[in-house]
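Accompanying notes for the structure given below.
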Amino acid sequence: MAFLDLSHLEKSFGATRVVKDFDLSIEKGEFVSFLGPSGCGKTTVLRMVAGFEKPTTGTIRIDGRDVTRLKPNQRNIGMVFQAYALFPNLTVAQNVGFGPKVAGMAKAEIGERVEEMLKLIGLPDLGDRFPWQLSGGQQQRVALARALAVRPQVLLLDEPLSALDAKIRVSLREEIRALQKELGITTIFVTHDQEEALSMSDRVVVMHEGKAAQVGSPFEIYTWPKTRFVASFVGTLNLLEGEVIDAGRMRLDGIEVPVARGLDGRGTGEPVTVALRPEAVSLGLNGSGLAGTVESVAFLGAVVRTRVKLGRQTITLDSFNQTATRPPEPGAPVRLMFGADDLLVLGED
Amino acid sequence: MRGRLWSIAVVLIGALYFFLPLIGMFEFSLRMKRGVYSFEAYRVVLGDPHFQQTFGYSVVLALLTIVLGVLIVVPTAYWIRLRLPSIRPVVEFVTLLPLVIPPIVIVFGYIRIYNTSSWLPLTGSWLGTNLLILFGYATLSLPYMYRAVDTGLRTIDVATLTEAAQSLGAGWGRILATVILPNVFVSVLSGAFLTFAIVIGEYVFAALLNLDTFGPYMVWMGSNRAYEPSALAVIAFAITWACMALIQLLTHFSTFAKARR
Amino acid sequence: MRGRLWSIAVVLIGALYFFLPLIGMFEFSLRMKRGVYSFEAYRVVLGDPHFQQTFGYSVVLALLTIVLGVLIVVPTAYWIRLRLPSIRPVVEFVTLLPLVIPPIVIVFGYIRIYNTSSWLPLTGSWLGTNLLILFGYATLSLPYMYRAVDTGLRTIDVATLTEAAQSLGAGWGRILATVILPNVFVSVLSGAFLTFAIVIGEYVFAALLNLDTFGPYMVWMGSNRAYEPSALAVIAFAITWACMALIQLLTHFSTFAKARR
Amino acid sequence: MAFLDLSHLEKSFGATRVVKDFDLSIEKGEFVSFLGPSGCGKTTVLRMVAGFEKPTTGTIRIDGRDVTRLKPNQRNIGMVFQAYALFPNLTVAQNVGFGPKVAGMAKAEIGERVEEMLKLIGLPDLGDRFPWQLSGGQQQRVALARALAVRPQVLLLDEPLSALDAKIRVSLREEIRALQKELGITTIFVTHDQEEALSMSDRVVVMHEGKAAQVGSPFEIYTWPKTRFVASFVGTLNLLEGEVIDAGRMRLDGIEVPVARGLDGRGTGEPVTVALRPEAVSLGLNGSGLAGTVESVAFLGAVVRTRVKLGRQTITLDSFNQTATRPPEPGAPVRLMFGADDLLVLGED
């Protein structure tokens, strides 16, 4: 049996069911992200695990113990909030020591624990500061230390990085991941940022309208999205209309292209929608590939985004900016190339 | 330049409204001894046993009002912000009532309903009358106390701080005592000082309930003496001024205030 | 469940404080004719020429106070938010003063400084006395008016809206009239109603300046009649209640309020 | 002479000089972005052009006319704010018609202008709505219409997209650019988002501590940053320490590499810092290139970010996620390749 086990969780607010028949098993030490747009129910699931919301039906088990009806302060869970939520009247050390103090630990022991935690987050000298004297990134690290100070069985992170600047966000997510690996603590991380979820997690749960649309490793989620929702929420996407030839080929804009998977069981001539990642398409100026015309070129920095008109359809493709070659001009004829593996045949949501 | 002009205008209006009368009154209060300025009027007033008695009475009433107000308002305001934000408009409406219902009306009502022949004859006994005025004053101070505490609660994220404390194992008592109260302490104090100032100067309630507090004493002095009332007014003003100054000081120099700049 | 309990507690406290006395008073006011309930006391009160005279007087005073208050407060509050945010604490402090300085003290001061032998003998003439009480009432209403308008201004982005209007070619007059005032209109009205309710019920100023307004009339009735004061109190309450209801209505059903939900 | 001419602009608040000797000429119809971190003075320059701040010294000329001392309402400038700043008490049509009404246009004429503007922004049917009934993106488009309704000579955009969601931000920036091109209106766009500045502008002004650190086309700014600040603010960057061999070569971690430009005039053996964009480096698993060891691999979605240990230095490299090949594992030996053009020798700030 898994360490953290959510089975048949449901939650309704009034007539709205925000979480529907949610099942998930998380192994000890695993880092699992809940990824989805706002309103998809990801935060509600987290808050049910924390005990702030009571499930309408279903059970939550931690290490075999049923905690579904326990109050939040009886669950031994560490939580980090988007808004830091440090106690403004307490110093950093007092904040970190709050949990151990509530747990009735001896004063000397609390001091040791606080010192250990502050060292862990790399702020050993800031114990006497007040929260308002710290930067956002420091505050969130203290919040993390505070949550970890009670040695919780599960660590819950509720969009902990979204209030921070872009650069700090990137460095802090690496820190959090390293800390989580070091402590081996079972962690749930809620986010709406696909890059965060993909870069940090062992497994990602993509949520959509209260359900888990797909559960898998970051690579699986990105490379083989199961539904149209997952494909479009995680990364950008071209959707192309065509028709099936046989299990390994389809016709796209009059040209036959090989498709590696997903066409089994579809009849010849059946219309089919395939998805194609912009970065999977490359330009072959001369030679084979589908012929099209450059519609627009946007320079985004590292990436140049080119729109190519291809018969009735428009394909977006991303390529890295190359110092030696200027991007193509609008109106130029180009040829597009992509592999049979890159065409994703999508299921319904 | 334009800003400076406005500052001067504000100061001038303030002066015309408050300071000029005060200065005049202060000057007059020093003229009890013919020909020379002296603090004679203050000596007389402060030495008057009736002054000491009524003032002491009012101070005790004010302190009790504050305690009652804090006990009612802090948990209520906290709970409403945390769990019942939908009824906040209703509560705000209720707390505004004492501002707009003339005190006279409230007292008439109290006298009528709690008189000696009613089911709860509060006005019949010394204790009852004092309880009545205490509740009356708590009512009067409700708008200020509630506003102050609610404003204090607005500056912290009540819901998230509560959840953070809960996830760290804390129960309700500990949350109120170690998380909520310390963070609204300055607001509670400022509400308390306002209450103090209002109770000390209140006249209508005390007069109509026939209680010998500081307000009626001031009015009685005002209609029967010449110099002492001015001295009294200056003293009353000094007290309220001190209260206000304390509020400002507390707001400005508290560590929490700094956090918000 | 716990929420419901609290709601009930709030309603109960409200009832004990306000509604029970009111109901008792209302019931009593209907008992002027022996043995039957009647509106006799109301007929007597409303037919009393003295009532009509004092009430009319107070209404006129209240309206003038509102006009004076709006003219002083709206441009001041706007300008301070726009250009002098640093002096906002000072202005807030000044506007709080009338709350904590007992009215008695203010009136003593006024009488002392503007008496017949002073450099500005306002109390010597009918017009002067009325001007004095008008300014006094404007002072009393300052805290409410300023808070209301300032709260209204807080809900809009004063600086950016002003700059947007400027970049579209508008000057100060147009900005105040078409951008600022319409957006704080509801706040101004709510401040105005509070002022109205306060002026109608005010006693101390009027009594000490010897003016025959509604407040002293109520107190005089209270000490000389049996049933009429209750009727009066109910009428006064009805007026203030109507004011409060209007504030709530305006706040709730204005298009701008919806925007903020 | 240029259409909009800023010469020797300076602005001090108290003792702080937030804008220092700022010169810029903008041609009629040009779209210029001011890009920089917060506090770099970009907004102050914009506000001086709008007239909300008075320059301490310097002059602002629009179409040859000196407007330095004019009030904001005398300048004929259109401004769009980050916070939309629509008048909440007026309908959309009244908002758009505000400027024309102030200008004293006849009622019928105002109606026509409003209709034209609403059509221009693609919201022809929303004239009767109030601002609070619109989405953020719609509100900002109305704000744009309002600014354009007075036919301003210059359009100023103060971070108009930063309050919006990521997806709307991208579509609205394309709309704004298309509209600007259609109307041919001279435009200044202030932003801290490099992608916005690079993708929308004819020219970008990168600002740093009150000065223009570099002025150039987006491609120039990204590809040939002049200073270390520009290089690190625009895009991510590897900084490598090495020493000069001669004008065309340097020694990096013991290996000789060719450098296309920037080493002229430096002596042999002189230490030099070069910058290298992560996307300019590619992995050659066997063969030539610098030998290193994979330190970590972060999967960001479209991009896989690999850290490679190279002697004492660590190089970050970005590559597109390829469906067919899994990213390398930490610890694997790899070889890094990059071109002589990709090594940027940076000047001082």
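As written, the chains take the letters A, B, C and D, and residue 1 is the first residue of each chain.
FYI, a residue touches a chain if its C-beta (ideal position, glycine included) is under 8 Å from a C-beta of that chain, and two chains touch if they have at least 3 such contacts.
Since we're looking at a predicted model, the values are computed, not measured.
**Student:** What pair of chains is linked by the largest number of C-beta pairs in contact?
**Tutor:** Of all chain pairs, the one joined by the most C-beta contacts is B-C.
**Student:** How many Å are there between the centre of chain A and the centre of chain C, using C-alpha atoms for each centre?
**Tutor:** 55
**Student:** Mind checking the centre-to-centre distance between chain C and chain D? Centres are C-alpha means, answer in whole Å.
**Tutor:** Here chain C and chain D have centroids separated by 53 Å.
**Student:** Would you mind listing the residues of chain A that make contact with two or more other chains?
**Tutor:** none
**Student:** Which residue numbers or ranges of chain C touch two or more of the other chains?
**Tutor:** As it turns out, chain C has no residue touching two or more other chains.
**Student:** Report the topology of the inter-chain touch graph, choosing from line, ring, star, complete and other.
**Tutor:** Shape = ring; chains linked end to end, path closes on itself.
**Student:** If I apply the definition of touch given earlier, which pairs of chains qualify?
**Tutor:** Chains touch in the following pairs: A-B, A-D, B-C, C-D.
**Student:** Along chain C, where are the residues that touch chain B in the complex?
**Tutor:** 2-3, 6-7, 10, 13-14, 17-18, 20-22, 24-25, 28, 72, 76, 79-80, 83-84, 87, 89-91, 93-94, 96-97, 99-106, 108-110, 112-114, 118, 135, 139, 144, 193-194, 197-198, 200-204, 208, 215, 218-219, 222, 229-230, 233, 236-237, 240, 243-244, 248
**Student:** State the interface residues of chain D toward chain C in the complex, per the touch definition above.
**Tutor:** Spelled out, the residues of chain D in touch with chain C are 50-52, 71-79, 81, 83, 85-89, 98-99, 102-103, 130-132, 143, 146-147, 150.
**Student:** Along chain A, where are the residues that touch chain D in the complex?
**Tutor:** 174, 194-195, 198-199, 218-219, 222-223, 234-236, 277-280, 298-303, 305, 318, 320-324, 326-327, 339, 341-342
**Student:** If we count contacts the way the header does, which residues on chain C are in touch with chain D in the complex?
**Tutor:** 156-157, 160-161, 163-171, 174, 178-179, 182-183, 255-256, 258-260
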